[in-house]
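Each chain gets a letter, A, B, C and D, in the order it is written, and its residues are counted from 1.
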Amino acid sequence: MMKLSRSLLSRNLSYEKRLFGEAGDVRDALCLHVFAFQSGISTATRDFSLNVASKGNSAARVYAPYTVYKGKAALSVAPILPSFTKLDSGTFRVERQGVMLLTIWPSIGERKYDWERRQRFALSATEVGSLISMGPTTSSEFFHDPSMLSSNAGQVRKSLKIKAFSDGTGYFISLGVANNILKSNEQFVVPITTAEFTVMKTACSFVLPHLMGWDRVTNQSEPVDIVGKLSKENSQLLDSEWDK
Amino acid sequence: MMKLSRSLLSRNLSYEKRLFGEAGDVRDALCLHVFAFQSGISTATRDFSLNVASKGNSAARVYAPYTVYKGKAALSVAPILPSFTKLDSGTFRVERQGVMLLTIWPSIGERKYDWERRQRFALSATEVGSLISMGPTTSSEFFHDPSMLSSNAGQVRKSLKIKAFSDGTGYFISLGVANNILKSNEQFVVPITTAEFTVMKTACSFVLPHLMGWDRVTNQSEPVDIVGKLSKENSQLLDSEWDK
Amino acid sequence: MMKLSRSLLSRNLSYEKRLFGEAGDVRDALCLHVFAFQSGISTATRDFSLNVASKGNSAARVYAPYTVYKGKAALSVAPILPSFTKLDSGTFRVERQGVMLLTIWPSIGERKYDWERRQRFALSATEVGSLISMGPTTSSEFFHDPSMLSSNAGQVRKSLKIKAFSDGTGYFISLGVANNILKSNEQFVVPITTAEFTVMKTACSFVLPHLMGWDRVTNQSEPVDIVGKLSKENSQLLDSEWDK
Amino acid sequence: MMKLSRSLLSRNLSYEKRLFGEAGDVRDALCLHVFAFQSGISTATRDFSLNVASKGNSAARVYAPYTVYKGKAALSVAPILPSFTKLDSGTFRVERQGVMLLTIWPSIGERKYDWERRQRFALSATEVGSLISMGPTTSSEFFHDPSMLSSNAGQVRKSLKIKAFSDGTGYFISLGVANNILKSNEQFVVPITTAEFTVMKTACSFVLPHLMGWDRVTNQSEPVDIVGKLSKENSQLLDSEWDK
């Protein structure tokens, strides 16, 4: 069982807060997913995304989570790319790291799932490294405190556990959220086959350099989107998503 | 031996039906392969493909299967990319998942193969994950019912088995199709060396994120083809392929 | 020790003949490498390359072999990409498979190597698969007959052997060319460390889908160069290389 | 423990000297990183970079190191891409190999690090191969002499050691610089978890073909930046970075 150092927690947690707001804000599942996938959207005024097409106003935002539906819950995995800040020198610096977003929501009947009760966990690049390095018999455990940098520190505690089956044919992925403020305690468990976990590991290995921004370092000849125009575009998109 | 849960079968099977029609429709091998590789062609009116060039009317469709010819049969592997739907918000959502298409057809003499008797098996992303995770001594087995969502459910049964040689120097890939309607029972077996299987695993690992659409998530600055124009292009192509 | 089936030999051998002519034709090392890397150059009139830039007349040909210099010989590895044929339907089909080109040439003194005595071996995609699947204690052996499809069949025999050190710290790569016509028998051996072999395996895994043309299948939105113009460009380049 | 042959040292060392000047020259951390990432900047007049955008004067330089902060020191890893020379024939040849740049700098208090005392180590492609091939119990050691090709040869000695924990849960990465001229001896040690090392290995595997220039061989349709204009651009950038 591997536990990650708490020195890395604060970054993930304030990130989740900033990106998703309070639990329950988003009514439409599609809105949430699209919002989550728009890397670069933040309250910082000089925040740029190098992930949106630069040709005029058309941006290609793509919604492609890998989702598995099981008896007790469903689990969805998708990358959220980093955002960049442009320095005066013209160089782009990573503003917000990319993450791998896990979402789990419970089953409420035969082939029916309750999206409203979803819980999320945003894996950092290093936590993704932990997942990639897992073998058929190892386990990993990650702890996040979404309120770590605020006055509510310690009130909400999220834990993600990936535990191998004893026979090596799969893993249990369980996400627990203990919320002292709401007096709630959610626990979701999803069994994952070796094949499904291989898909996740392979896709994570593919996307990890993108979460780190290294695809931008190696691909410097690609067009880069311009500031202000991008923020307005994303704002409009966001409004239209929220009104659905 | 690993058997995949039947909860994933229906999606693959209706997909194969929709893409390929009844067995025997396509007379020209090249037509079939090209048709198969045109991701995004479906009867849905708002079905888009993000895989076709956006510059004017020129689209770069590429035919590049990995094929091995053995004594009793030949086997061909090629990716079919996913298709996307454009939402009102401008976001693209995966409409139809990508698959890895396996085609096997029997030998009828020295260096002669009967393309007309080919059988196909479309591996989903998760089934590809199963293939990638195979070691030198493991085996996998997949079952598809192409008619699962129709009145003919249970009448046609496809099984793909990948079984390791006992000495670890290769695998048998066997595809069986039992058809109660046609009263036929085809069984093809192709021995694959470790080297050939490594090519398949490496190529599958490369293409898996593309089957999932994750290359589109990470590569948002690439041009995206526009709806209507795309459908007409593909229709014309399709007609010309069928008439050959 | 793995020996590849001879059924795959003919393709590689006529390919080497067509691409490189007789041993000794090329006087300038750079010429040879550049010629070798211009995928798509062949005597076929309708042979296209999808690897050359389509913007006007500027094509980005890149010369970037991975080379190691050892006491007795030097070894160089570089990919040669496939070439494509355009069908009437507008679809591109692989015309000539890509290969991984190994070149070995002997040392003739302290830090001096004799490029004129170089020997080449072009690994097919499947042979690259064999290399990628090698562990620290395995060995591989490949046999090519460059004259297999001609009247000189059996007169020239090339063998490439990759044999692990007994202590697992590296490999011997030896290339032997027995030529009954020239009455010559060249044998070159290069010791490769585990680190150097890891570079080759990693680079081979990266480039294998490109050798198969699968990067073209997944990247259909990239511009494609036009026929006639390409052939003339490459011809001019070739002449200028030969005259150096 | 693996020691690399000294025959490869000279290339790395003169490279580090040429790129970074004497220790202590750069006052601003960001300057150094940006300078380091501008592949292609050298004193050679005909040195080109294929890594800078070709559209007009806008170049997308991206600063995205993977950094871990530990108790005694911080460690940063980032790729520096190769630079290319354009031959008269129009072919591009690798001028300077790419490297993976490791930077370590010491802690001077709670969450405080002294950038001024940083030390760097530039891993060649082969040394990156060594890192990628490491298992949970192996170790690697590399030696560089930055002054090898000058009159100060032997006066400065850098060693980078990557040593696995005995329980297989991580590695110590230690960088030592013994400088006889300055009479100094710096030693930095950073403990790395298995997860963090997996991120480095995965990112290194991704970037290795780019360090070798093989992404340029496989991606020949991408635009290529023009000579003279590039050098002037980079010079201006460099001046502005140094004056910060």
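Just so it is clear, contacts are C-beta pairs under 8 Å (C-beta built on N, C-alpha and C of every residue); 3 or more make two chains touch, one makes a residue touch a chain.
Predicted model only: the values in this text are computed from it and were never measured.
Looking at chain A and chain D, no chain is in contact with each of them. Comparing the residue numbers each copy contributes, chain C and chain D share less than half of them at their mutual interface. To overlay chain B on chain C by their CA atoms, one rotates by 90 degrees, a value rounded to a multiple of 5.
For this pair, chain C with chain D, the centres built from the Cα atoms lie 30 Å apart.
The distance from the centre of chain B to the centre of chain D, each centre being the mean of the chain's C-alpha atoms, comes to 43 Å.
Residue positions 50, 222-223 of chain B each touch two or more of the other chains.
This structure has the following touching chain pairs: A-B, A-D, B-C, C-D. Those residues of chain B that touch chain C in the shared complex are 30, 34, 37, 50-55, 58-64, 66, 68-69, 78-79, 81, 169, 193-199, 202-203, 206-207, 210, 215, 222-223, 225, 237, 240-241, 244. Across the complex, chain C is touched by residues 2, 4-5, 7, 50, 82, 84, 87-94, 125-130, 132-133, 205, 208-209, 212-214, 216-218, 220-224 of chain D.
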